[in-house]
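Once you scroll down, you'll see the structures, which are given as structure tokens.
In what follows, chain A forms one complex with chain B and a second complex with chain C.
And then the complex of A and B:
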């Protein structure tokens, strides 16, 4: 009898044990698919969204944006503001108070020294940090005590939430990355692939450009989270397969960036395994125009401002290229209801959207032809325009994706009507967005005349984003080809606008400046925005807690994701 | 009884025998007809068919088969039949040219290795080396390295054509080389070679006049297999998004573009897939028939 009781008790305890701790890890395994595979877990070494989202599983900023665009405290108790005394009256310092008891996944405590180190790491001039524009104007980060970090700016910062807010500026562990500063940043593969973080998960195995496996961080601050014990973060493939694996077969729980023709997407959703989720952020599909000469003959100065482009430096050519594009038609074919044609690189938040460039929404091929005639480019025997022996012949590159290839084909046809010869090229997305300084095919190196991709910014304040087109943000060999200024656009007037915005507090004035910057870029035609895209992802019906966030990483609240019972 | 010495029919050439044997291989005959039809269609189809393969006609997009567009249109309103014709030109041109290159290389290596004992070891080790190379990764590297210089030197289309043809040719000559070497080794020991040598035939003449005609049948068979192989490799490269630029329809590229629409418009996958399969199958059958026809021991049975 007693033996039976003991056995029963033992059996019960087995049954009860899992139920009793229906907390961390109780929901088993989560499958995420990103059809562009992350190449590193260190968001400072890549400008790509995929790396940012992968890093966000492990690394966290001090505060971040929620799905409404509001800043929420993350590793701190409250977001510093002037009202609560966290931001000084002169707007030059912001004091972050790290919450008590936050530890890294190795069990050591998160301290303000890590915050200071992160700033030093990203602003090291030899490091090639891809997100250094977020640390613009920071002159020092002081650590009066272990949990207080005081960020001091050289100028008054009306929006002091550039550094350490949002998925672009995660805190990395000083102890781990101490030897990886400067030129050695790219070489520290162990550190870059297995960063120690404060986030809900830790890297189990990282295979670059392939699969990442995560397991729950045993030292995560909330003992009940994350509810998934392990995560597979599959990279690679294409948008179609990713969409299908969530919406039709249910093999995966979450798929990112489903850039698919609208009819394909709705057909997939009809299978009933998952939902398409979307939101309009700041994503704009745009064509970047290269102002530098990228022919191999340019030698070491290839793709730098020292060698200007033979004909794209002529604004009339750039304007004609823009006029020939029918943005409405492209958007309808490529995105349907999930996109809007746009003439601005800064279409959101709505208050910053300029209306000064809307004329570009109407295609004007005759006008573009007249403009090229006026610029002195005459049609040759083969129908291609040329001036002084320089033929209007462009190489147009983008990533491999059916929608982008449709865009390419259409734009080629229109530009062909202008007498511009177009060579199309598509590059595997993992390579194109891979940010590998050794590859000639990355979007940063931009060894083509024009290229097309989508970019956006995290958060709601466009200051850092618009600062990306300053002269010193151009990718060059000196900064390991990192930076956001793909056209290598460089004018004093624009840099002055950026500098002015950095010291302007009044919101109306900031809106005006942001619009002015947008208009400067648009009227210089160095980038030709086409479609304001909503971010489209898909989640399985069995996955709950996903809050689609267009202002931060999509995995921002992965700790809260649960399996539907 | 003396009239039995008279030939029963008029004398005829060896090629007539080959043709007669080939005709009796029904599969090969059907395949030859199909292949000729495909060849004819892609060579003259563009002149006969009014639509241009790259012309975008948005209002007509995503149409099913109709009288105007017998194979329908794609997501940009481009006529699928016109794209199939243009794609076939490129795919078959790549296939044939790459095959010729592979054949030339393979025969050169095979005959040299088989005939000249001194070259045998080194050439065969070279063949082993090439066989051991993983084909697709090698092609990817070649595309990456030589794409730009070739495009710059010959223009995009020709440059990439040269690149594809040489990439495929250089990586597919090895089976031919091995087969040819084996045959040459066997031939070399035959009496007619010995007698030719005894009257002082130079090695060059020997190869040209006595060896090559006798190894013609394996060469022709491997040629037909080579075309099929080259078309498939080109399709694979285009399918991977490498190879020709995206607006350049080849059968592989059409297949690649259509995969997204597999469920909505399955015919877009079927047409290029069918064309590739038919071409490859028919070429293989022709090779099979040729092998039988060219072998004097089978012929006449």
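And then the complex of A and C:
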């Protein structure tokens, strides 16, 4: 070997070495486990979190939320605002400018036509699109040039980031899905399982409800990303097994949704193979109080505002029920470090969290008893309070779930100390959360006095969520028992706040309004929030770059995930 | 025998149709909603649209008729197309799963190998272990071997797989780290190394399932052997001066196998049904896991198709068991 050859070799290795450090695919294989397996890669046909997270490996929106809830540009150079001229003064149009040079994984360019097509695809009335609500009020999407998409709303939108922002509204390729619009959407199996995307990975093989294998997208915009060459996205089993595979055996790198008993989780983490990560979104476990009479004797008007509840319409009773609950203890038992006791139905994002109701964090059974005495409910011979022959006896329903049944048992005991008789009931989740208007057991029909479940909203803007407690949102026989206003709460003042928010663009005013709505609901005691729940996942110690995100998909920055050296 | 078989096969048609109707109606009557798993953040009117897109708005008899046509007319065409390359079924609507919006049969075909490998292998292993244990336990009745065999069968009968499976994972995956706790369904066996991997990931689920099969079959085998060992013909055989080995392994065993073979045949449909719990525990994701997830999601076409396939298999293997009975025992004739 000549000196020249040796020198050339040395020179080459110097050139190659730094590049190899951050080369695409240099970190080999990534193993992700979602114990509820994704059933499709097209999240427009599912609406489920698991499908959204899987789709997010491949498909991307124009902008998305980062882990702090801030909107960050993704396929665009900047997020349009009124200040930078991207949003019109009348709040009716928003103009997105797609970044130069973004291509689909098949090498063709991403254009505004794809953006327009995505809107048409999801809003087709026969398509059964699960995310069509994000495109509400959009009247047109115009494409003045290949990289500009102008979204026009029919009404002023103070928060115009519904369409094309966040993992629910990914852009799909017009060329691929052109034949899959409307009723055909359901039959396009190949397209739904193997969508072409702009994201860091592309589908290699999709096995519904079992496993997905991905490989790195050769046309991804950043030539050095993703650092993993292939990904296995495994489904099946249960949360315990998923947690074990990351935290105890180290077979997998990332496990999603580990809602496990606090001691189980901390025991697993003690094995030292991985870390539990969590983030607080807007999920709140709450008790809903029914303001209407649900006894069968109420006949056709059962469960409607026409028949008020015999005693829960008395705010003193509702307040006493709230005071008797020890939220801290319940949360400790049910969620440990992955939950926080709360007195607000809107505890996050932090800017919207009110501090006006924090008194509820302290249990006060004596005070609650005094309040009921004052309201005129006297204890009978059996220890149950009654007034004018009406006994304080409630039916308390929720879905079948070990933590919820623990909550029920404790709350029953505390309410028992107030002299309130409690009958407990739990209903299979697939029935309880179903919306069959023929079933009397759904959480919407709410044929019980109080019920408990968790709800949240997607994205960071609470406007439509808080709008769910307007008068006309109450489930009634006329609207086939649809709607989010389970307590059937109805005041003009609250409706006025909702209407005001719909036309207010200024963020400080919006915060004030959201807090006012939260406080109205809380101080009326129609909802008794208990626990602010976090999303819990686990990552292996060898996986770096994970930024747990509750405002978007958990896989939102999978392009940045790397293997620890 | 032939006329008997034909008669039974013809009778099976109305039986199966009736079964399919019962399954369909039961599923329809259940108050589950296929949209219940969709998060609460999706508004109800959107859910209603999704339901309509799935064809849920149609009247019950129309839905049932559609399923019958898809199952008995279009799916066979797809099969013929697949085998001969023809295009009978092109453009026709197949049985579509509500969860995945893809043809149910495609998913079933995808899942069958996993299930056959694990559950089928477990059945085979179970039977192979059970028969010698049964024979020896009966021959040496009340010996220590028999007592231990009885004890293990009791464990096999009474310990559920969600306990024994998790116990095995904790011991062999978490503490010892010998075997993977998660079954890799994408593994392709094309070398000795991948074969070794396949073997490693199959050991635990196969053993958990085989324990149950062993328990059941070995008890049958033992009881049947005991019945025969006391028969007159056994004494005659011994009196003729035949060796113990010939007496037990040829004369007694053959006669004892008659009921056992029936039991084994009747257990075969259960292989195709998969093992719901064991598949979940080891993440094998075969037919059993497919069925349970479909039930949880109220994916009616999937549940309907799967349960109906089980019904076909059960009817078929009952017939096979009856025929085998006749072949093994010349005294039994159906005509």
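What we mean here is this: the second predicted complex is superposed on the first by the 308 of 565 C-alpha atoms of A that agree within 3 Å, B and C clash if a C-alpha of one lies under 4 Å from a C-alpha of the other, contacts with A are read in each partner's own complex, and residues count from 1 in each chain.
Convention: a contact is a pair of C-beta atoms (placed from the backbone, for glycine too) under 8 Å apart; a residue touches a chain by one contact, two chains touch by 3 or more.
Everything numeric in this text was worked out from a predicted model, so none of it was measured.
Visitor: In the superposed arrangement, which partner chain does A:193 touch: chain B (first), chain C (second), both, or neither?
Guide: Second partner only, chain C.
Visitor: According to the stated criteria, A:549 is in contact with first (chain B), second (chain C), both, or neither; which is it?
Guide: neither
Visitor: Classify the contacts of A:329 with the two partner chains as first (chain B alone), second (chain C alone), both, or neither.
Guide: first
Visitor: Contact-wise, after the overlay, does A:47 reach chain B, chain C, both or neither (first, second, both, neither)?
Guide: Touch partner of A:47: chain C, not chain B.
Visitor: If we overlay the two complexes on their shared chain A, which of chain B and chain C does A:93 touch? Say first, second, both or neither.
Guide: In the superposition, A:93 touches no partner, neither chain B nor chain C.
Visitor: Quick one: is A:176 in contact with chain B, with chain C, with both, or with neither? Answer first, second, both or neither.
Guide: After superposing on A, A:176 lies clear of both chain B and chain C.
Visitor: Just to be sure I read the superposition right, which of the two partners does A:518 touch: chain B = first, chain C = second, or both, or neither?
Guide: A:518: touches no partner chain.
Visitor: Which one hits more chain A residues, chain B or chain C?
Guide: C
Visitor: Could you give the residue numbers on chain A that contact chain B in one complex and chain C in the other?
Guide: 238, 428, 441
Visitor: Report the residues of chain A in contact with chain B in the complex, numbered from low to high.
Guide: For this pair, the touching residues of chain A are 238, 240, 260-261, 263-264, 267, 295-296, 329, 333, 400, 402, 405-406, 408-410, 412-413, 423-426, 428, 441.
Visitor: Enumerate the contact residues on chain B facing chain A in the complex.
Guide: Interface residues on chain B, with respect to chain A: 54-56, 58, 61-62, 75-76, 144, 148-149, 151-152, 156, 241, 245-247, 257, 259-261, 263-264.
Visitor: In their complex, what parts of chain C are in touch with chain A?
Guide: The contact residues of chain C facing chain A are 31-33, 35-54, 93, 96-97, 99-103, 106-107, 110-111, 169, 173-174, 177, 180-182, 184-186, 279-285, 289-290, 293, 296-298.
Visitor: In the complex formed with chain C, which residues of chain A make contact?
Guide: Touching chain C: residues 33, 37, 39-40, 45-49, 125-133, 183, 185-189, 192-193, 205, 207-211, 213, 232, 234-238, 241, 244-245, 248-249, 251-252, 271, 428-436, 438-439, 441-442, 444, 453, 455-458, 482-483 of chain A.
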